[in-house]
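Shared chain: subunit A. Partners: subunit B in the first complex, subunit C in the second.
Right, the complex of A and B next:
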């Protein structure tokens, strides 16, 4: 009966705590939206767009079969380098002036390149013309000095080999951008620490007058803490489900096909975040402002080390300080999500979950040990 | 005895907050703990409630040793904290219902008690209000309602009228007397001597954690030598005239400060008429002249050498 009483009133209290709801629900949703906007641009920027060029259709171009062939070869197919237009000099000038093309080429020796500004696309055209002239010059030199080696050279030029190949460990495609979203979920889980912090504040008589009143009531302190914590955890889990739904259905973030495990990870992460905040609140014997500062700082440092702001830091730590990556609960959460997405096996996932569960046990029992004290040295 | 405190000692580091404090409170009493800020009133209350650790002493409530897990005792105690202790996210009704529910599990009984206490503190029009929308006085009334809704036998009110408007203050004091009439034993702490004089049957004056004096207000006033204070508001009194007043029979001290002449006389003497005769004879111009009986502040002043309100 007391459970129902405390639990229901606690739900009302927490749901009306607008500041807490903002940081634990709306802030991660806003961050997710911003991440999505930033990374969708990053994705499109990574897709190569062929460079628009023109070649002046003069006598030299028509006669230089090799050059004509090279330009046409680079301007055909889906992975072409250029969108080629063969036009008169006047037309080429007009197109350049109207920014229809990034530059135009006049065949001959040396090959001339006309551009009206410098930039990446202009550099690409210049690289092509330089490379072509260098190769032709080398062929001419060899032909004049040692014609017998010409065939070898032609074979080498034609058979450029890429020695690096992307190989997947699983059926999923490697996707580094997902790490940002996974660390965002981990951050949201650990923002549940605000709930834990409030629960401890509302039961510690030396922190708040309301807690002092609760301590004078005929209710066991730890029971009161557990009952109201149940309400906090349920609200935070609901918030996490909303965030997950938003990521999956609105932003189309891929979590792989193991939905139940994703939910399990979120559940454990949420509880770990709650008890992390509760532990900080119980252990830091300072004002509420200092406690919030410690919680936010600790969470953001963990997020940074998990790669939320700079992705490579996660790998730098894994390579140089592997123990630290296992001691960072945010990193464990991020890693668990990524393992679910990327690996076909569960070994790494369950290792992460087991360590996270240990964190829950440590933070939870630590909190209970600290707040179990029922008399205070000062109020 | 409802409360018995014996040789209570509480230290905060080097500071001795309670120095062998002892007192007993009988059933049906309104017991006042009077002392300046920092005198140890709230510390004593928190020790009684088993919120604070203490270094030495014994505390019994309803004849049983008070402990943090003495839930049967706690069930019969109502506490009104010095700081308002309510949830900002709950309405007036919900706050009272929540705290009452920590004591009373039966829903219908609780509903009745909550409605009764709302009527009692006069918050009927504000049941749907959130605490932030209430004035200071109404907030204090809500604080009181949360502490007494479960009809406790012992009610502890720790400075319940701090920062309260006169109308709410009177309502609160009347309410405390009514609770006492209904059978509750009251412990009332304050640094406002007039409030304590007005409602408390027995008063303990404390300073620096020590008992200064205990008794009814008349018993306390009887402990000091001062009998009467006469104040004359005038800006034209000479040194010679002051010396002459000092020589009048029964006068114990004369002080002239800020255009106010303060004449004190000992017990059993009434000097108002003598002073008036002197003023007329000397043709002293004055604004007001009035006589006062000793207050608890005078008791405190005479015993400790400092003002209660300091």
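Right, the complex of A and C next:
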């Protein structure tokens, strides 16, 4: 009966704390929306689009049938390399100046390429022109040894051979936008620390008036703490499920196919966040403002190191300071989601989860050790 | 000028808090803009673009070594252990653009004319992928011509021939228009991030001020003073603008400090003008928020949502060209979008004729319009609040 009483009233109390609900539920939801708006098109930056080129339509180009057909072949079809325009030299200059094309080609020997910067697209054009000239050079070498091979060679050049077999090491594409969302969930889990912090404040009689009242009740302190914490954890878990549902169903973020494990990770993350806040609150014996400051900055530093603001940080730390990446709970959580999505094996996932569980145990028992057996002579 | 003086006093009292935020925001924007600016410098000659690959040669023959030399012209080789997870991570974080693995016995079969393939793992549909494919194709297609047409050719001979052929290249001419000013990317990034820092700090400062003035008892006392409400409002706005101007000045000076080498040009003058216009607009936004927000707790919530929200969708954190057009449509209802757009145009300016500068001026006019609108709405809100007390 005591449990039911404490639990229900605590639930009501917490749900009416609008500020807490904002930071633990609405803020992550808003951030997820913003991430989605800003990042959804980011992948297109590295996607290949046919390179816009021009060829100068002079006498040489019209004469050089082989080159003409080579250019035209690469500029047709769905998987074409170029979007070709055949124009006069002046027009080509104009197009280059206005960035309509990445470069233009003048036929001849050597072939001449005019560009306005050395980017990847320009190098792709150069790769083509070089390739053409190199093939011609190879043909000349072979023909000089054995002129009879001409027909053979023409067939050979025309034939389509491919020397590359695409192999994939995993079922998932290396879509590197996802990590931002994974670290966002990790952040939201650790914002659950606000609940933990409040629970600890509300059970220590010298910190808040509510706690003073709670302490006068004939209920064991640990029980009171556990019962009301249960309410906090339930609320935070529900919030995390809402966030997860929003990410999966509304924003269509890919979490891979191992849904049960994703839920398990979120569950452990939420509890880890709660106890992290509780531990900070118990260990920092200062005013509310300072506690919030410590909690928020600790969480933000962990998030930064887990790559939430700049994801390469995660990789740099993983390569150079592997210990730090295992000691950062936010990174562990992010990494668990990442491993579930990207790896086919579970080794790294279970390592992450095991360490995370150890963190929960350390934070939980640490909190209890600090707040237990306090007696107050006067309040 | 009592109100004005009081405002400055309150701000002075809160200086430590505001300074902490100023330092935090400024260091974030400095780190971000520095990391985002991959300074290309001035280019005078055409250079091959290089991408990084992981290259695992299990065959190690003259043919594959020749291939490695050829690949080295377009790619750097990453030093990553041949472990599945390490390679996958490197690919995910774009440390490498692909993993190329030459299986054992590749050369032998290739020389025999068999249809062999090397294994490649890459980021699907990426530009780098196409680029590397072209290089692989080039080498082995040319090699195949020899294998098929010169009977009894050895690997060594083949590599010699290939070396000679592949050294033939097209001539390239690099045409640059005007002089692209080096370091202008850094200034551009910095002034774009500037919008986030400036907006946050001004909203914070102003709302701290307004909270005190909106205290019920204080408000009643002030309302019965013999100062006209128009005068109070004007002094308030003046204080707001002073605070804005001070924050703006600190940030501009910092930009000079970070990028002093490349700061003395006309582009910087335009950046400063546009940031000044934007600061005016921020002032209006903060005045409005200060009049709407009732509690201290809500301030940080509103600051974060407004400042982060506008920055995310308007191209501060992610360049505008990478943001989808529906998002940009929404963003165009915020002043940050126009400010960032003006900055991006300024970055590309090389000549400063009226025609070239016109789009920048249009964008800035829109930002001013936003600022004026925010101020007028705030005054209306204030009037309503006053009559309700």
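Keep in mind that, in the parts below, the second predicted complex is superposed on the first by the 253 of 379 C-alpha atoms of A that agree within 3 Å, B and C clash if a C-alpha of one lies under 4 Å from a C-alpha of the other, contacts with A are read in each partner's own complex, and residues count from 1 in each chain.
We adopt the following convention: a contact is a pair of C-beta atoms (placed from the backbone, for glycine too) under 8 Å apart; a residue touches a chain by one contact, two chains touch by 3 or more.
This one's a predicted model, so the numbers in the text were calculated from it and none came from an experiment.
Within the superposed three-chain model, A:70 lies out of touch with both subunit B and subunit C [touch as defined at top].
When the two complexes are superposed, the chain touching more residues of subunit A, out of subunit B and subunit C, is C.
In the superposed model, A:242 lies in contact with neither subunit B nor subunit C. Contact with subunit B, but none with subunit C, is seen for A:376 once the two complexes are overlaid on the shared chain. Judged by the touch definition given at the top, the superposed model places A:87 against neither subunit B nor subunit C. Contacts of A:214 after superposition: subunit B is touched, whereas subunit C is not reached. In the superposition on chain A, A:234 contacts neither subunit B nor subunit C.
With both structures placed on the common chain, the touch criterion links A:21 to neither subunit B nor subunit C.
No residue of subunit A touches both subunit B in one complex and subunit C in the other.
Partner subunit C is touched in their complex by these residues of subunit A: 19, 22-23, 27, 30-31, 34-35, 37-42, 44-48, 81, 93, 96-97, 105, 110-124, 126-131, 133-135, 137-139, 141-142, 145-146, 149, 152-153, 156-157, 161-170, 173-174, 176, 179, 309-312, 314-315, 318, 338, 342-343, 348. Subunit C contributes residues 32, 35, 43, 45-49, 51, 74, 84-85, 87-95, 101, 115-131, 133-138, 140-142, 144-146, 148-150, 161-162, 164-166, 168-177, 297-298, 301, 304-305, 308-309, 312-313, 317-318, 322-324, 327, 330 to its touches with subunit A in the complex.
Within the complex, the subunit A residues that touch subunit B are 1-2, 5-6, 9, 12-14, 16-17, 205, 208-210, 212-221, 374-379. Subunit B makes touch with subunit A in their complex at residues 12, 46, 49-53, 68-69, 71-72, 74-75, 77, 79, 81, 83-87, 89-90, 94, 97-99, 101-103, 105, 146-147.
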